[in-house]
Each structure stands twice: as structure tokens, then as C-alpha cells.
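Next come the structures, one after another.
One chain, subunit A, links the two complexes that follow: it is found with subunit B in the first and with subunit C in the second.
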Partner chain A sequence: MSAPGFRMAAPVRLVAVAAFAVAATLIILLLAGAPPLDAVSVILDGGVGSRIRALQSLGVWTPLMLCSAGLLLTFAAGLWNIGIEGQVVMGAIAATCLLRFFGEGAGTFPLVLGLLAGMAGGALWAWLSGALRVYGRVHEIFSGLGLNFVAIGLTLWLILGPWRQPGAASLSGTEPLPDDFWLPMPGGFPLWQTVLAAAAVIAVRIILTKSRWGLVVKASGQNASAAALWGLRPGLRALQAMAACGALAGLAGALQVTGLYHRLLPSISSGYGYTALLAVMMAGFKLGPVIPICFFFAILNVGSIQLPLGLRLDSSLAGVIQGVLALSVFVVAGLELRLRRRKGGA
Partner chain B sequence: MDMFIATILGILAAGSPLVLASLGETISERAGVVNLSLDGAMLLSAMAAFALALTTGSAWLGFLFGGLTGAAVAGFLVVVSVYLGCSQMAIGFILTLLCRDLAYFLGNDYARLPGPDLGYWSIPGLGGISPVVYVSVIAMFLVWRWMFFTRSGLRARAVGESPQAAFSRGVKVNRIRILCVLTGGFMAGLAGGAYSLAIKNGWGRPQGCEGAGWICLAIVIFGGWSPWKVVAGAYFFAALQVAGIHLQDLFPGLPGPVFQVAPFPIMILTLLLANLGRMRRVKDLAARNPFVKKIVSGLNASAPEALGKDFNEDM
Partner chain C sequence: MFKRMLAMAVLAVAALGFAAACQAADKDLTFGMLLVGPYNDKGYSQAHYDGGLYAEKAVPGAKMIYLDKVNPADRPGFTIPQLVDDLASKGAKLIIANSDDMKDGVREAAKMHPELKFLHISGDDVLAGKAPENLANAFGKMIYGKMMAGFAAAMTTKTGKIGFLGPLVNDETRRLAAAAYLGARYAWVNVLKKDPKDLSFQVTWIGFWFNIPGVTSDPTQVANKFFDGGYDVVISSIDTPEAVTVAAQKKKAGKDVWAVPYDYEGACEGFEDVCLGVPYFNWGPTYEKFIKEVMDGSFKQTWEWNAPDWKSGDNAPDSAVGYAYGPALSGAAKTELHKFMKGLGDGSINLYVGPLNYQDGTPWLAAGEKADDKKIWYMGQLLEGMEGASSK
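Entry: the complex of A and B
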């Protein structure tokens, strides 16, 4: 395995990934007839060009980070939790549902309950996907994806049906929540979101490196049959890892409701679950690199909102760049492996 | 009676892209490669097909270009996974997201424009039938003939079951896998073109075929990797889509978008059903009860042995 041979130094690898990604993005931009430098400057200016925009990017970093932290647990358990998108949505639905029971002047206590309800909603949705895998042998990619669509359907039904605004039902969302239930944002700074996301990072780091549970989950993920022989109950670990990830995703959804939109919207998750999956894959399933990658992805997401206005380009360019970057990481790692094998004379 | 014929024709039309893409995925999975990029690749192909049809004025040229786009995406997936040893699942998933965003980004200029479509080829007494229906029916017979009655079909199945054994008997595993995945991708691309040029004409955000690729991936499992069962599964989901339109009339209180997600919980249930036969408790029951056994053996199907496993010819 460790044949002395070619091994790229980390900076070389970074440069290679960047070169690949830049080249691919350039080709795509030229295909669309877009001026590359202008597009980059519009995105950067839109993402970090002013204090407000930088704070917006931080606000997007928090749900991405919560989802990514959760995904590290499910990937450790060897699971592809594609259902994370639906778990964010269910968190948002559960939080909205609970807060609707409380009227104005109920204080901030229900807000805390709302966040907990969001965690429970996300955990339940993730557990369902995990249970279908463990008990029903349905691959979690399909159960998760199906449940994503179900969660979106449920949101649309609630917004157009039982929770519709008085007057005309519209896709612009439910009625805003009373402002008691708005997460305080001192000076536009997403304080609580950042604190919770940072706490999730620390918790996942401790769980994966220091705790016995983390070790057992990793063992189950790497070799389920061996783990079963050791009495480690891999099925149970898979369910626990799914529920933990779902709780973090649900919290992200609840924060979208209480901290940002103050209502339930059709696209409440903004696709952050899928974006987090890309970020974690790009980070090679490691916590350290996920943190800056999520920052970068958040800047891309916020900045690209300006593209249709400034350059008449579609804002999906952010997703294109994110996908190209993740792909570049895999391609460079594959090339490296091939070069090493060749030099090692295998 | 007219109503009945119209419904059947509706199911045939709605089913043709599902048939094309699911059969394509069956080919690549029988050769051992999961092409998880299907959903994004179909959307990108739908955009590419419509864009080229609009620019050249020829819907058929666009349809073909859709197929080539699908083949290009699949080609990237298989080359990167076969030669660079990258995980099929990871690359496929990244590609599906990337292709979707790429479709929306590059297709921005073509959104909501009227454009050419493939039109209808009429059958006397029945009425207009979209050419994609004929294409999908021809594809069924070709895939079946090829897979079970030709040398290369046998080799492809062998590569999916046991690449080591096939390789040791002189079969070029990598080449066969690449050809199968390219063919599968081409068919998925045709399915994308069928959406934007025949079933849901035009391009936009959303186009309307989002999620169809995931259903096709599930149909392959549901159909137990056997072409005719896969075709049946594709028409089953097409029937669901058509039924959704009628149900909407029956339940005016429920908003339309809710019916669009109906296939997905049913997809989960059918997968659950297809997997039931593989569970120990159900196996025990089947051993005792002949009726249960009959049902289970009908549902039971096993995946190609080497599905999703990478194979290295050098080792």
C-alpha cells in the first residue's frame, strides 16, 4: 500500500484542484457567453462587498455548517443521507407548527420550544429514512430522496391549504409569525445561529474523535458485519447517526424560519442540504476543511443572487461552481492515485 | 371508449421517456455501473435538445443532441470511475447536482420560448402518437434482443456479475463497461430530449421533468434489473402520473403541486415491496406457505453481483 512513490504535497494538490475548477468554470462561462471576470467580481461583491452582505453570507454559513456537521456523522456510519434536504424542511415545518400554537405576547420561551420541535421534526424524518434502510432494506438514497419530495409536497399543501394567509392563498408563504418569535439579530448579526453552528462543530468533533459512541459508529460504518459480530449493533448505530444528523438539519430549518424568513416558504431549505453534501464531499469527509468550504459556498450563494440583476445570468452559477469544485477534488485525488501507482511500478 | 383510448395513449406517451431512461440505466447496471447522475443528466439533455432544436429549427437534430449530451455525462462518470478509481456513487451524485444547475445556467436564454417539437405520427383510428412512443417501443425490443440473444449482451451481463471471471477469460471488462454506460447515458439523454421536445414541450425553470431520473433509478430496482419488468415499472409510474391529473379533478380541495409528489412515496413503497422477499422472516413464511412463495418469487430479484463495485484490470 505505502509504496514509496509519487505523493503530491498539499499545496500542489490545492493548486491542481483550483486549476481544474477554474478551467472548467471558464469553459462553462464562455459557453454561456458571459464575461468571466465580471461574473467573479459580481459574486464577490454580492457576497462580501459590504458589511450587510458579509453578515448575510455568515447567515447562510450557519445552516450549511449545521447540515455538514450532521452529515459527517451519517458518512461516518457509512450512510448517504441525501434525505437531509427533507430533514431541513421538516424542521422548518415542525418549528412553524409549534409556534403557531402560541399567540402574541407569549414571550421567548416558545421560541426555544420551536427550535427543539425543529430538531425533533428533522430527527423523525431522518429516522424514517434510516428505518427504511435498516428494517426494510430500501437504500437510503431512494428513501431519503422520496421523503425530500414528500416534505416539499407537505410544505406546499400547508401553505396553500390549512396555513394559508387570510384572503388569498399564495406561494409567497404563510402569514409572518409574531415578532416575539423572531430570533434576535443584534445589528443584523446572526448571533444565535452562529453560536449554535459553532456548538455543533465542536460537538461533532468531540463525538467523532473522543467518544466511544463515535468509535462504534465509525466501526459500524466501515464494516457492518464485523461490528455485528462484536455486538456493536450496527443497525441501531445507523439509526442513531441518522437521527442525530436529522436533528441538526431540523435545527437549520427551524433557524431559517425563526431567524430569517419568519414564516414558512415553499423553498424554505434553499437547497442547503444538497449544498452541504457537496461541501462535505469536497472536504474529503473531514471536519476541518468543511468549515472554510461552507464559508466559501455561502459567499457564492449570496453573491450569485446579484447575477440576474448585474449580468442577466442565472443564479444557478453558484451551484455550478460548487459542483465543479467538488468534482475537481475527486478528479485530482484520482489522478494522484494513478500517478502514484505508475511511479510505484505496480 | 374514446376516454379509455385517450388515457392509454397518455400513459404510453408519459411512459416513453421513463422507458428509455430506465432501460438505459438497466444496461449500465447490468454491466456493473450505477449511473446516479441520471436525474441531472436528463435535465441537461432536455435543455440541450431544446436549445439545439431552437437554433437549427430541427427537432430531430435536437433529440439526437440530447442523446449525445446524456452520453457525454455518462462518459465522464465512467471514465473517471474506471480509470481514476473514484467512487461511482460520489461522482454520480455530484454530477446530478452539477448538471441540474448547469442546465438552468446555460438554458437561461432559452427559457419560456416557443420552439419546435417532434409532432405526431398518426395511426388511423387511434389519432396522433408522439414519435418518442415509437422510439421507446423499438428500444425495448432492441435492448431485450441485445441483452439475451447476442454475444456482446452475454459479455456485458458477465462483466456485471463477475468481472474477474470475465477478465480471466479474455473479456475486456473496462471497454465493455464504458460502452454500456455510454449507451445507457445516450438513452437517458434521449429521454431528456423526449421531455423538452414531445412530452412537456419547451424549456424553463422548472422544466417539469425534475425528479424523473430518480424515479427511473428506482424503477430499475423495482423491475429487478430485468428489461421487461423495468418496462412494466415505467408504465406503472406513467399511469400514476396520468392518474394524478384525473385525481386533481376529483379532489379540487388539494392543490396541484401535492399530486406531483405522489409518485415518490409510492416509489418508496414499491422498493419496500420488492425488498420484502429478501427478508428472513418473509423467506420463512414463504417456505411454509405456497401462496406467499409464489408472490415472493415473482417479486424477488437480485442485483448484478458486482453492481457498484469498482474493478481494476491492472491488479
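Entry: the complex of A and C
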């Protein structure tokens, strides 16, 4: 992997990214008429300034982390799983669907089933995208995007149609689930979400670094034809990686339903699938940096609510900042590549 | 001994002074408002925002903080209880939530925060017996505003086809669509002396209070479809002003069309050619009252459904709802509308008297039966003669 020629040392790279990001962010905040330091401090304070806010940020971190962990598997297999957004949505639909079969007073057992159903729903949706790639030669970016739209369309149809609230037809969402199916949050702490996300991180780490399967997936991802010659069945590996990622994304969707909204909504995924893609790319497809980056994105998301409250600024600025940060990473990576080529060519 | 008494007296005075100072500080009240749309939407949310500004002025010591665009599409990952936490951490003691969409979240937040008071606009948790002690409901009797909108539309239409641009379907929106229809039918039959069969009243719902691209139907498209399909007046019942905007475009293109926007008193501004007037909410006085009650400790759980202030004439400043005449409304129609308002006000006109049937023909009110508030509030279907989904 170590190409000859120019290669920035990690700290230099970090400084370059940070400098670029800070400069771009400052320009944007100034253009938006926001006092930059105030805006940044308001966001940070809003994201981690109190126990409640830190817990809220942790609550946003968990679905982002689940999705990111899943994406590391598909990226290892050389796949661009853009369809992760739809996999989150399908997880939410599947979980809601299962829980609808149980009424009030059914205890917490269905909750566990609901989470499993969410994983199955996400896995199925991802498998579809993978199957289109492996058997139908449709690139997973296109099938993924298409399936995202289908999943969202299905949500809208369910909410306005068969699952609508009695006497109403509103895209506000379905009726809230019975209390039994609300994931317990002792003291506002997203305990189960955190446990599951942490488990996913550990599992993905073990899979990618310690298991034979991880090695085979990586080999298939880097050179499918060579992998095929070695009898490693790259098609099957791709499908397995997709399904595993979909399961994690689906779990994130199921947690959005059971842990946060307690119902199915049109925007149930909160766009976390796409955000996770951004986070993983920013992290250079490595697990280590993904963890803090996801937390940072979570802080941005939670803290952004303070922009209109504290400074009467539009909270979508936080989204712009997030995008600029990701772009900074790509720009620096691009620069690096250019410099490397020039030096290598000389 | 004397010294001790003096010392005690001084202490007592100091304590009293301190208590008084605390009370003065208590007189200040921050109220936090959750708005479903942008605070400057020239529609529903702006009417609330302006009401908050009014209350800030009317009640010394009252201070508003607000959060707008409170809906899952604009604020992904947030729930109402979380946003209430944020308002509370900024010192809000009274939370005003302005949308039906926030019903479940507000109830949950009210249970989590017994130390705060909550006012949920448009909700009926109190009526339905689901509300905790610290939660009240209030709404304006917009049914009358909508009757006037329907009346103005029927007086103006040349094709006899009125379009109703509806948000989502629930008790409130069915009730308001039906009220607009009743007003339109009254003008058509009792004033214009025309056959009710020649009046067409089509309701099209977009799925939410405003456009969410990719989620709801696009209200601009729905309004265009109405006008292109021969509906020459469109009554808007959504939070945002697409109906007048599209009507103005059609007018420029030479079509004879009109529209009635909704919610915000200034909604006709810029659309003088096509605007027949606007039924609006005036939240200021309601907010003033609740803020004062929270300040002096007399806040109680209530369900308020405030009628227009009929006695002080059209659009009294204290009226919870009103109808601002639009520049495009003809003089004759305006005279008739004014008469209609007077009739509603003095009780000589009551449109909620049977026989009235639901859309599917089942009776809603028997002949001579007058509907009470609860019956009107929980109207289960659109009325016979209206077209469009009832979502039973």
C-alpha cells in the first residue's frame, strides 16, 4: 500500500486538515453573519455542556456508530453501500411491524424480537442491493440509491395507509408504541443503545483484524478476480458483508423506533446512514478514528439546536460545518495524492 | 435584651426585604415556544411568534425564547421532550407548543417536568382526560374564520368550483374543512339563491402542515392542479402561503382566479390581486392570559376554545380569531360577508343545525339538532356534498 514518493506524516496531515477546516468554517460563519467563536462555543456547550446534553449526544452517537461499523465491513469488501440509509429505514419498518403484533401488556420480550426483526429487515435490504451487484451486475451505488427511495416510499405508504392513526391520515407518524416497547433509558442514559453500539465496534474490530472471514472479505474487496482464483468466492463474501452491514444499520433503525421516537415517522433514519458514510470516509475507512468522529458529529447535531436558541442563527449551519469538515479531509487527501504523484513522477 | 430585639428586628426586616426581592425576581417569566414551522413563514408559526412578541410587550417581565422548525424532517434526531429540556435549561417556566404534531411529545414532557407549565395549542388532551395537571390546551374557534373564508369563496367563484388545500387529515382539519364548506354553501344557497348541486367543493390533502419535499404532496402542484381544473377559488388550510402565490401567478397569466390564505393576518400582503381575505389567529391575548396566570400562580388545567369577540365588531384586537378582508373581495361580497359575520355573532345564523349528514350519508345532526362544542370538535367525517377523503 505504501506508494513511493510523497506521503504526509499523520500529524502533518491532521494539522493540514484542521487548518483547512477551521479556515473554511470561519469563512462560512462570517458569511452567515455569525460570530464564529461564539457559534462554535455555543454548539460545543450545547452538545456536551451538561449531563443531559452529553447523554443526548451519546444517544445520537449510537446509531451513527452502528452504521459506521457496518460500513467498515462493506468498504473492506470493496463495496459502496450507499443503500445504508434505506437499510436503517427498513430496520425501523421491520421493528415496528413486529411490535404491532403485540399489544399493551405483552412485556418486554417483544422488544427483543423487535430489535432482531430490525436487524433482519436491514440485512434483507442490504442483501438485495448486494444481490443486484453480484447477480445482476448493477452497481451497488445505483441499486442502493434506488432502494433508499423505495424504503422511504414504503414508510410513507405505511404511515398514510395501513398503519395510519385511527381517524387520521397524517405524515406525522404512526400511533406511539405501548410503553412496554420503549427501550428503558435509566436517568436519560441510552444504556442499551450504547451497549449494542460498543458491541458492534468490538465485533467489527475482531472480524476485520482477527478472523479468517475478515481476511477473505478484504482479499475479495481488493482483488475480486484473484480472490476467485483462490476459491474465496468473492460474490458470496460481498453478499455476507452487505448483509452484516445491513443488520447493523437495521438495528440502528430499530433503536430509532424503540429508543427515541417510539413510533414510525417519515424521517425515521434522521439521515444517519448518510452521515455515517461521511464519518467513515473522513476516518480514512479506519475503525479507530470513526469512533470520535461519530461522537463529534453527534455533538454537532445536538449542539446545533443552541444556534437558534442562543444566537438566533439557523441550526442548519451545523450541517454546513459538518459538510465542510468532511470536504476538508477530502481536499487534503486529494492534495496529498497530487503531491505524491508529482514527486513520484519526477 | 433590647439589643437582641433590635438585632432580630433588623434580621426580620432584612429577611422581608430579601423575600420581596425574590418575589420581584419571580415576577420575571421566561416562556419557551416550540414552533412547528419557521418563525417567519407568513402563516401559522409566524402568527404564534407574533403572539409571543405581543405577550412580551403586554406582560412586564415576560421574555420569550423560541425554537422554530420543530418537526422531525427539519430537526432530525430530536424529540419534543429533549427540546423542552433545552428550553427549560434556558430558564423557561412555561412551554407553549404550537402544533398538533407535538401532542404526544408534549404530554410526555409535561409528565417529566411537573415543575413547568405547558400550554399545548390545538390539542385536546385535557378534553380527552389524558393530560397531567400542568398541561392546558387552548385553541381559537377557527371554524368561524373558515366559514367566512368559505363564504367569501362562494360569493366570488364564477365556475362554482372551490378547491380546499388541506394539510393532513385529523379531527381539527376535518372540522375546519367542513366549516369552510358550510360557509360556502350558506352563501351559495341563502345569499346567491343557487342550487347546492351546482357547487363543487373539493378537498385535497397534502399529508402534513406544510410542504416537506419528497414526503408530502407538493402544495404548489396541488394548487396548480386546482386552478387548471377549473377551480377558480382555492381556500388554503395549510401553514404556508402556496395557494395565494400560485393564484397570483395564474392571475398574471390572465386567469380569473382567487385564493384565501390562512393563519396570518398579513397573509394578503403582496397578493392584493387575488386575495379574498384571510382567517387569522390572534394568539397575543391568549398567551398574555396564560403567562399572567403562571406568574401569579393561578394557572389551572383548562381546555379553552376561544370564540371570536363578536361584540366589538369585525376583528377586535382582543379577538382570538378574525377575518381580515382581502383587497380582491368585491364590494358587494364584502357587504354580504359583513352581514354574515353579524349573524354568526348575534346567533341568528348557526350553521351547526341539523339535518346534516356525513359524507357517506350517515346522519351527523338530526333535523333541528344543534351541535355542541364537543360534537363539532370530534366531527368524524367530512360532510355530505364535499368531495375528498374523510379518512374515517
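As a working rule, the second predicted complex is superposed on the first by the 319 of 346 C-alpha atoms of A that agree within 3 Å, B and C clash if a C-alpha of one lies under 4 Å from a C-alpha of the other, contacts with A are read in each partner's own complex, and residues count from 1 in each chain.
Here is the rule we go by: a contact is a pair of C-beta atoms (placed from the backbone, for glycine too) under 8 Å apart; a residue touches a chain by one contact, two chains touch by 3 or more.
The model shown is predicted, which means the values in this text are computed figures rather than measured ones.
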Touched partner set for A:L265, first subunit B, second subunit C, both or neither: second
First, second, both or neither for A:A333, with subunit B first and subunit C second: first
First, second, both or neither for A:P178, with subunit B first and subunit C second: neither
When both partners are placed on the shared chain, which of subunit B and subunit C touches more of subunit A: B
Subunit B versus subunit C as contact partner of A:G235, first or second or both or neither: neither
Which superposed partner A:P289 touches (first subunit B, second subunit C, both, neither): neither
Partner chain(s) touched by A:L132 [first = subunit B, second = subunit C, both, neither]: first
Partner chain in contact with A:L156 - subunit B first, subunit C second, else both or neither: both
First, second, both or neither for A:P36, with subunit B first and subunit C second: neither
Touching partner for A:G167 - first (subunit B), second (subunit C), both, neither: second
Overlap of the subunit B and subunit C footprints on subunit A, listed as residue numbers: 152, 156, 160, 169
In the complex, subunit A residues that touch subunit B: 28, 31-32, 80, 82, 132, 136-139, 141-143, 145-147, 149-150, 152-153, 156-157, 160-161, 169, 274, 277-278, 281, 312-314, 316-320, 322-324, 326-327, 330-331, 333-335, 337-338, 341, 346
Interface residues, subunit B side, partner subunit A - complex: 36, 80, 83-87, 89-91, 93-95, 97-98, 100-102, 104-109, 205, 211, 214, 217-218, 221, 253-255, 257-258, 260-262, 264-265, 267-268, 271-272, 275-276, 278-279, 314
Interfacial residue positions of subunit A with respect to subunit C in the complex: 46, 50, 52, 56, 60, 152, 156, 160, 164-165, 167-173, 176, 260-261, 263, 265-268, 270-272, 301-302, 305-306, 308-309, 315
Subunit C - residues contacting subunit A, complex: 65-69, 72-73, 75-79, 82-83, 85-87, 89-90, 100-101, 104, 168-171, 205, 207-208, 212, 214-216, 380, 389, 391-392
